[in-house]
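Both complexes below contain chain A, partnered by chain B and then by chain C.
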Partner chain A sequence: MAKTEFLTGNEAIAQAVWEAGVRVATSYPGSPTAQLLEALARQEGLHCEWSTSEKVALEVAAGASLAGARSVVVMKHVGINICADPLMTFAYTKINGGFVLVVGDDPGMHSSQNEQDSRCWGPFGFMPILEPSDAATAHAMTKQAFELSEWYQTPVMLRLFDKTAHMGGQVTVGPRQEPAVKGFTPDPNEYYMVPPFSIYRRQRLEERMGGLAEYSENSSLHEEFPGTGDIAVLAAGHLALYTRELAPEVPLFRIGMVYPLPVERIRVFASRFRKVVVIEELLPFIEKDLRAAGINNLEGKAHFKTYGEITPEIIHQALLAAGLDLDPLPVAAQLPAPVPRTPMMCAGCPHRPVIRILKDLKITAHGDIGCYLMGSYQPFEVFVSSISMGASLGLAMGMEKVQAADGAHPPNVAVIGDSTFVHSALPALVNASYNGHVAKVLILDNRATSMTGGQENPSTGKDVRGGQHQSFDYPGFCRVAGVSDVVEIDQFDYDQAKKVLKEKLEQPDHSVVLIATRPCALKYKIKEPHFYVDPDICIGCRTCISVSCPPISMQQYAHKPADKLNSFIDENGCVGCSVCAQVCPVHAIKRSEPGQQVDVPRPVGMPAEEGAGS
Partner chain B sequence: MNASTKRLKILVAGVGGQGALTAARFLGDAAMAVNLPVIVGQLHGMSQRGGAVECSVIIGPGHSSHIGDGEADVVMGLEPLEAKRSLAKMSKHTKCVVNLGKIVPFSLAMRGESYPELEPILAYIRTVTPHLYTVDGPALVRQTGISRTLNVAMLGAVAGLDMLPFGHEVLWQAIEKKIPPRFLEVNRRAFDLGVSSVSQ
Partner chain C sequence: MSKQKNAIVNLFFAGVGGQGLVLSNQIQARAALLAGFDVKTSDVYGLAMRGGSVYGFNRFGDQVLSSTFAAGLGDILVALEPLEGLRYLPLLRAGGRVVLNTRPVLPSTVLLEKQDYPANPEQLFTQAGLVVDSLDAMSLSLQAGNAKMTNVAMLGALSLHLPQISVSAYTQAIEELVPAKLVAANCQAFELARRG
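Our next item is the complex of A and B:
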């Protein structure tokens, strides 16, 4: 029986994927769609996996589709770059089991290195693209996407945003269907993508796209909202919802299928108005397509930037500029800019001492994609570059080649996490040995894909449901790849770790892989006896502050001069990693003893906790 | 509240790791339990800890999870500076509940500065809305013995405003469903202390 549940966009899609009878679901975690596979893995009846990369994820899902089962692959926008090679050719084939690619775009770069517009893959790869507005449409469109995929024998892309992936609302859920697995019939014309077969398939894509264009013209995925006046709005996704709220009287065409567009239907719609405002984030994808079709009473990017998020306030302003008569929005209180609060590494984060040592050693470090990238921010600022998954190794090799030719030999170190290393750095390390590069690699093996929420990965050998398989042998791989000097370090032994890093990284013409072995404090809920500051020893030098740990702050103490602040550690936040104590020049930071009350003065306004010290 | 026409817009503001999103989700679950339309969204925030986080809960018929300037009916401020940061969303009608427990932004600590004085922050909020309710979160969670009960205590305080279109017990039942049994008792205590912290 159908019932209503409160689900986020990610959860709604997971539910629909399950209801659609999908047999195989794969993903590499990335915001804003990281939680989708986790929600799906709570269901039964299908294989779910965190694949080692989006490329592998797509290939596994594609294999399941070839076998005639429905499959889904989930990633963030930059993940498509990684899997573009198989995607662009798999899209040539006659899709057998329904195949859906869910992608999360990130205009405004909330948690991404760029903000590319995934709609471009539609015409580029001959695939339709659907864009839900909220959890309920995400659920309905996902089920429709599998049908479409099978009707037109095409991959279907479902495009989400931070807003649509995370926004929660009511969704009517249903039971799981069990569509029969069709089985695979070998046919070189359809699945051997080499010429002449691929030439035959390329020609079939014209028929596919023609059929999809016709489908789009008649599809109920699009929705028209009547209104009054001679100006209308054309928008998809959450931007259509914003418009409905801001201007319910304005006629709206909500596009559900953003590629191929229902051009003729929009032509008829647009002809009824003096002007149609096209609201879309990033590129003028819709606007250009419509203008190319000769629909010209449009105003789009004349009002909107091609980067960043579009907020309701921006839409309001644009609609006013386009000539609509709207009520003014409430005026906000004029504020001085509040003190910024930037993200920082967690208390007990094992990256902290490594980043701090790199800063001390003034080593040229290339960053990669992971929590350690917070070492790019104040107070560390240690990375000279960060581009994309696994890029740090290649960047270090190339820079070192040029600098070495000029007679300089500064070590160029690649700093990379356990998951990112397996995702994209394995060929790079082999390349280093093969081409005679001096490889200096620091692997931060914290046994988690932390930045996206602490997912399992090959380092733990655990799958998305916790099943134990083979874990990846980092030292073994590095040796096989040709780097004989592989050293594991305990970064919480600060001085010893610093000594090893200095010796190994500064040694000229010597390839080395250093593996920092402490696990993620957040994922593994590490909680050792907390440390505390003795304010009578503390000289207020702020060295402990410079390790940038959330529970450490500068506070006033009643018995100290009023203009002098000393440091303080919030015992609720400290997990006892000891890094601050190890860098304190006067040994003012001490470890508490379990069960014993810490007997030092507390800052003004901070009474002792009940049971503190335990 | 007349559920068929009126919407209630609740903004939850805090620091990453304080449980803002979880609190918003509890409010959403509670609205669902009494068959009210509800949308929960994340207005701003990264997945990392320590950054500013803003979530919205909109109860009543509507389309988007956005709360515009001056539109919040209730602000649940898990931290004083974060309540102040969301001042643009408040109007003279907004009821603002603020936890007085401070989390020092790193940028201040780095410069060797202490946290700004509390009273001017509160006075600043009062220039926009007279309906300011303060909760001594640190003292309150000390009574429960577990610091992670803060978001539940603050939910209690929001319930105590009697602005929600459902009773205290509806909200508690939504919380209860998602909390491990061994933490139920302390969280119930935190919830009740939260309720009474804003009641006269």
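Our next item is the complex of A and C:
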């Protein structure tokens, strides 16, 4: 009997991947698709792994496909840049076991450094692309994607958004199929991608894409919704759902396969209307393809930006501008823009003291991809650059070469996390030694891939299901790569850590790798007695505030002068890392005794201590 | 179509990363499913985990297509934190309801004394013509055993305005989605908030 479950887009795809009999699933965690592999790893019957990078993830999944098993690789949009090299040539080969690449795009950059449009990889790499609208279509399309992959011997891309990956809905789930593993028959023409074999394969891609175009024309992945009037809408994914709700009477063509498009079917559809509004986020990918095919009664980017997320309000406004007669949306209450809220390092975050020390030392720090990038926000603002995974080392080397030629300057330091370092900084460190750069590297080894939810990585040696394997020897690697001075530091010993950083980073012409060893406060909870401020010792200097920790604020105390504020630590937020107490110049911040009520005055309006902190 | 659209209840959760907003959205969705409704939700994740602004849409009714809704169509805003509630106030319809946790979580610019936290959030909601139910969800959570159940206390307050979903549906949803050893305490936080 069919069973219904409530799943997010990520979970629905994981379920479908399992049902499709996939044997190998790989990923490098990235929002918005980080939860997909975690959901899949809760199932049995398949190998799941957090690979060390998207490139390795793609290669492992490709190898499984070569062997004739179904496989899937999952990543965020910028991950495709990392694996583009094997992807673009693997796509030339005659795909054996069904192979699906799930990618999460991020229009609006909720949690990404750019908002590149993954559809461009379709024509670039000769791959079809499917776009689900919600959890139910994500489930159905995933299963279809494996069939397509095997019918047309092609990789298939399944494109999600922040909205579709995290959209919860009801899904009819089924049992797992166990398609036979086909086995691998070596054939240079199909799998040896050097000329002349690759030339032969390039020619075969024309047949592949021709077949896929024909498939798209007849596919039930697309859906037409009849309506009234002489204006219609063309949209894919969640934007088609938004449109159906806002304008249920307007004829709609929902595109399920965004590459190759069902051009002739859309030509017939469009010919029935005075104009067709094309709704798509980011580039005018669909619009350009259709215009190139001579379908010109379209209005697309005339109404929509090529960046940012498209909301129901934006669609409503565009449809009105296009001439549709829709009920107006209610007038929303307007308020002056509220105070913004940028992410903050957690209470007890091991990055806080390091970032604070870098600020004190006035060092030119290049950031990388990880939670430590919050050091770019107030009050720290320590990073001069952040580009992409592992880029900090190269950027620091290049900048140093130019600045060193100009004489005295602050050192360039690369600041990078444990997972990012393994992901793509290993060659950069070897390059530093090989080319005689002065490498100053600060590895923040917090034993988790924290920004995406604290996934395991080589630092712990634990796999996605918790199995223990080899952990990565950071000091050992750095020495082998040619940096002999490798120093591990305990950043919760603030003064000592600062002394070491100052000495090592300011030493001219000296390569050094410093490894900060305290773990992620979110994944490995600190359970120390909370700290409190004695307002009668506090001089209101705000040094503690400058470490920017969520539970520390300046407050009014009834017995102190009305124009003076003193600091206060919310015992419900403090985890007892002690960094604020260490920077306090007058020792006004003290450790509480477990089980004992703290006997100092409370700020005005602050409820009595509720006893949860320690 | 348009009639069916009117039958959908549009909920919106606003809060700060770390408050358990995604779980409260999941429990609400599960309870509505148990009551026989179709449900769609949408959450933000990612960077938002680090004390940033987080939100979630939750819509239930006979049939729900989209997981989000346009500004001015929200029925109830569940504000786990006052400033975050104010941020998403424009999503509510005229006369809509705010279930408001009165405990602020100060953003970094306020902690650094560069900006001021709104002096009286409750009044701002009322001035916008909204109906406000205030509760100190942190205090209720602490009464129930620990500080981590403000999210479930907020659901207790929300449930008072959703009589189409039974208390037993909420209780079952909590049992299914909260770790077994924390179920009793979460049910208590839920119940304390219902008593007001």
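Criterion: the second predicted complex is superposed on the first by the 607 of 614 C-alpha atoms of A that agree within 3 Å, B and C clash if a C-alpha of one lies under 4 Å from a C-alpha of the other, contacts with A are read in each partner's own complex, and residues count from 1 in each chain.
Quick note on the criterion: a residue touches a chain if its C-beta (ideal position, glycine included) is under 8 Å from a C-beta of that chain, and two chains touch if they have at least 3 such contacts.
Just so we're clear, the structure is a prediction, and the values are computed from it rather than from any experiment.
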item	value
Touched partner set for A:379, first chain B, second chain C, both or neither	both
Contacts of A:557 with chain B and chain C, given as first, second, both or neither	neither
Chain B versus chain C as contact partner of A:545, first or second or both or neither	both
Chain B versus chain C as contact partner of A:331, first or second or both or neither	both
Common interface residues of chain A - those touching chain B in one complex and chain C in the other	6, 8, 31, 34, 110-111, 134, 162-163, 166-170, 238, 241-242, 244-245, 311-313, 329-333, 335, 338-344, 346, 371, 374, 378-379, 451-453, 522, 542, 545-546, 548, 550, 552-554, 572, 607, 610-611
Contacting residues of chain A [partner chain C, same complex]	6, 8, 31-32, 34-35, 110-111, 134, 162-163, 166-170, 238, 241-242, 244-246, 248-249, 311-313, 316, 329-335, 338-346, 371, 374, 377-379, 451-453, 522, 542, 545-546, 548, 550, 552-554, 572, 607, 610-612
Chain A partner contacts - residues on chain B that touch it in the complex	15-17, 25, 28-29, 32, 37-42, 45-52, 62-66, 68-71, 81-82, 84-85, 87-91, 103-110, 112-116, 127-128, 139, 142, 145, 147
Interfacial residue positions of chain A with respect to chain B in the complex	4-6, 8, 31, 34, 110-111, 133-134, 162-163, 166-170, 238, 241-242, 244-245, 311-313, 329-333, 335, 338-344, 346, 371, 374, 378-379, 451-453, 522, 540, 542, 545-546, 548, 550, 552-556, 565, 572, 607, 609-611
Partner chain A, residues of chain C touching it in the complex	1-2, 5, 16-18, 25-26, 29-30, 33, 38-53, 64-73, 83-84, 86-87, 89-94, 105-118, 124, 128-130, 138-139, 142, 146-147
